[in-house]
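Below is one structure; the comments refer to it alone.
Letters A, B and C mark the chains in the order given here, with residues in each chain numbered from 1 onward.
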Amino acid sequence: METKRLTCINCPLGCALTVEMEEGNILYIKGNSCKRGAVYAQKEVTNPVRTVTTTVAVKDGALPVVSVKTREPIPKEKIFDCIQELKRVRPAAPIHIGDVILADAAGTGVDVVATKQVLAP
Amino acid sequence: MYDIIIIGAGVSGAAAARELSRYQAKICVLEKEEDVCCGTSKANSAIVHAGYDAAAGSLKAKLNVRGNELMGRLSEELDFPFQRIGSLVLCFQEADLPKLQALYQRGIENGVPKLRILDREETLRLEPNLSEDTFASLYAPTAGIVCPFELNLALAENAYANGTKFQFHTEVQSIERLEKGYLLHTSRGELRTRYVVNAAGLYGDEIHNMVSQKKLKLTARRGEYCLLDKTAGTHVRRTIFPLPDKMGKGILVTPTVHGNLLLGPTAVNTEDKEGVNTTLEGLALVSERAARSVKNLPVRQVITSFAGLRAHEEGDDFIIEEVSDAKGFFDCIGIESPGIASCPAIGERVAALLQKEMDLKKKDHFISARKGRLNPNALSFAERNALIRKQPAYGNIICRCEMISEGEILEAVRRPLGAKSLDGVKRRTRSGMGRCQGGFCSPKVMEILAREQQTGLQEITKSGGSSKLLAGTNKDAF
Amino acid sequence: MKNYDIVIIGGGPAGLAAAISARESKIESILILERDRELGGILNQCIHNGFGLHTFQEELTGPEYADRFICQVEEKNIAYKLNTIVLDITSEKVITAMNREEGLFQTQAKAVILAMGCRERPRGALNIPGYRPAGIYSAGTAQRLVNMEGCLPGREVVILGSGDIGLIMARRLTLEGAKVQAVAELMPYSGGLKRNIVQCLNDYDIPLKLSHTVIDIQGKKRVEGVTLAAVDAQGKPIPGTEEHYACDTLLLSVGLIPENELSRGMGVELNSVTSGPKVDESLETSLEGVFACGNVLHVHDLVDFVSAESAAAGRNAAAYVKGELPGRASVKKLFLRHGEGVRYTVPETICPERMDEELTVRFRVSRVYQSCYISAYFDHERIRHKKRQIMAPGEMEDIKLTKEELLKYPDRKQITIMIEEG
């Protein structure tokens, strides 16, 4: 049996959640004040995902970097793999919002896209 | 081979350089930091004291009164901000009145003009925000305030314009006596000179001890200050002192020439000559003592706090003389308060000593005036527009709090002895000195510096040396 | 001198939303003055996501959220000037501004909308003792350097202040290669969203030290370390709790202050709690025809609320220009009082005859409240009693009042908003 402790993020109450698990299955969830807490806990212990937002250096742009995001949230444990891959890409201006900067980031199947326009100088 | 090397580019060194640059001599000023005004001259009360504090007959008393007298004309000649706003020393009880009277008497002996003792009503009429406990005051209308950095820079720029060389990042490590003159071993090589002026501030004792058997010791005495926003700048109109004690003139409250309100300093001896840190106790003491003199102090308006170090010598007086066992080597040390006030007279005295010793001849074409940097705010609407048409950088505001344009920053960087760092720009232009304390403008000033120095942002420093502002670029660690 | 119906000071989220709604209210002559090189204001450096859930029902990053508004400004052909600083505004609404191309110039407006945003509190405001070396940044300055310049201000970082900007920067610096050692918070609770505590700190094992502050900064040229100490209930450091952190950077995220130098200069009355202008139901300041919205009025928690508030300011300014907003002197004025647990309200006064059918009153609570009620009293009658599971000072609260109910009792004078126990 495994116990995971989480803080619910749905509201400022920040309920301290306890999830009891066995072989990847949830036995029970404690500490939530509402249904949203249980849904959050379930997702967080089985498949926690995050949207990654960061910057990528731009070649020949009016700005030195462009801000980017993963189009969808990616598994939490892939965050730093995604960052590593982004270190190696260097798109050239002009870049528009929504342009794919890195396809299939860290094997997640999710693209990293630009969130800002960067024109040539 | 130089005729004269001046060690230290603080106000004393710069004032000596300026006065000596009137004569035909090859002069160089050595400074261990990246800029002028990096030590004691930088962080102090910026008061041009009237001259009643120092003991009658002392060098401090003499040079303070003379310096105060010279400051008005000097500020016009060299174009730096100086305002003769007057000062008040407060006394809170009748029992202390004799102390106030003693101060008055000393002032008269020292030759301070226009001193008066005011009763409670007269005092409060001048300054309605003074403490309700005010009993009487000593009013010195000749006291003033100055921008110590501009004063220092103006003296140095004028010396430079008259042929004086300045070498920064040059620390004197040892001094050898030659048959005629001295050999200085510095962090940037060896330099020979016939005469030396030791204006090394807190390190004046170490420099002195390199050539003399009569050892001296300077003690660093820390003073902490709080600077309030301009909205508090007119809370008092004059410099307000409590009665002095043995550690100094006490914690004052004064407007600054830039319209802020300054509180401080504390006075605590420290072993560390670079120990310009502020402390919890010190800052608390500043607020508490300042509030004894002035009521309803808007202490929530503090925008920054800082500490400076005074170079205190045991004899409690300035030492400006030829070292008795080192011919041609002149000390100009122990310059603590009233050093700023005295500096025009200090320069005069150093120059007179060397002129006599070296039999220096005046130059034919001494440039006595120096023009300060252009201040667009002083221009009319039409003049400012003409300026921006010619130089659009003056239409681009970089510091929003103090409304400093790119043009002003460029001038500060490009002038002789120009700014090399963020602090250098800040001290010259006030960019970053306002209420946001550089939050908005520092990245932009860093960009300008990088462009002007043709280097990367990574190389830009706060104050020279190892004070780099950035550690690297995004993701370079991965 | 050029004339405009409405001149908007600031092209950030507040100014943009105000401009768009003024144009939708059929005002042709609008000018936005923006001091930065692009529209969008501080959103341009807020590259994290979480913006727009209320406005667009989707999660956007700051630049994307800004872009939605900028596109509308472009489509509607609303005039704006970039790199243009406003130096002065007179009470007669003559605006003096400056840029590289036009130099100094003046503009006469019929109505002015103040939308200058806010700035960060500097270190001095906290009087943190120690040295003043390189490596001390406000969180927003660091955010600009990292997110817009691609520069890393430091490698080993301690952050003071756990408001959202501090938390977001802890994650941003981590993802760009710095090690964030701790986030210290003077208060016993964080001012930031729970989501940011979990996703910016917990995800990266960054400790949050509540009831702690920085009591010393070491390093003469560059930061070499800081000392943290626990504080007592009065916020005073407790001797013996000092902990030293070796680091090269200290980030300060210690609060925001509305930027009201121009407002003060033109004679607008300010509220001492919000540091923003005092406004009425129309977001009109003490000066007729001068409106305020967004963070210059009071610091918001979510940009969506800035947009909503600013749209109202734009509409009201348009009504003023068209002569459709009744003069304040001619109508009745109610006072809005902030009672127990409520730090301030925006607006502070209400003229029911000038208000829309429904008015959102925004406020902040003074401490954390659990299972309490937001109540509104119209003189002595309680007209609202809304249960809230939790309320915290870091989050803005609101309550809606209707024109109908306020007009029902012409004799009543005052509305009080307060927090009541269950």
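Convention: a residue touches a chain if its C-beta (ideal position, glycine included) is under 8 Å from a C-beta of that chain, and two chains touch if they have at least 3 such contacts.
This is a predicted model, so every value here is computed, not measured.
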Practice task
Could you find the two chains linked by the most C-beta contact pairs?
Solution key: B-C
Practice task
Return the chain label for which the distance between chain Cα mean and whole-protein Cα mean is smallest.
Solution key: C
Handout entry: Centroid spacing, where centroids are CA-atom means, of chain B and chain C in whole angstrom
Key = 39
Handout entry: Averaged-CA centre spacing for the pair chain B and chain A, given as whole angstrom
Key = 53
Practice task
Quick one: report the Å distance separating chain A from chain C, using the average Cα coordinate of each chain.
Solution key: 27
Practice task
Identify all positions of chain C at which a residue touches two or more other chains, and write them in rising order.
Solution key: 146, 149-150, 176
Fill in the blank from the handout: Shared-interface residues of chain A (touching two or more other chains) are 54-55, 57, 65, 83
Completion exercise
Where chain B touches two or more other chains at once, the residues are 473-475, 478
Problem - Footprint of chain C on chain A - complex, ascending - result: 6-14, 33, 50-55, 57, 63-65, 67, 69, 76, 79, 83, 97, 115-117
Exercise for the section: Would you mind writing out the residues of chain B in touch with chain A in their complex? Expected result: 473-475, 478
Completion exercise
The residues of chain A that touch chain B in their complex are 54-55, 57, 65, 80, 83-84, 86-87
Problem - Residue ranges of chain C touching chain A (in the complex, touch as defined) - result: 44, 47-49, 59-61, 63-64, 67, 146-150, 172, 175-176, 193-195, 197-199, 202-203, 368, 370, 389-392, 394-395
Fill in the blank from the handout: As the complex stands, chain B meets chain C at residues 226-227, 274, 276-280, 282-283, 300, 302-306, 381, 384-385, 388-389, 392-393, 395-397, 400-401, 403, 422, 435-440, 442-443, 457-458, 461-463, 465-478
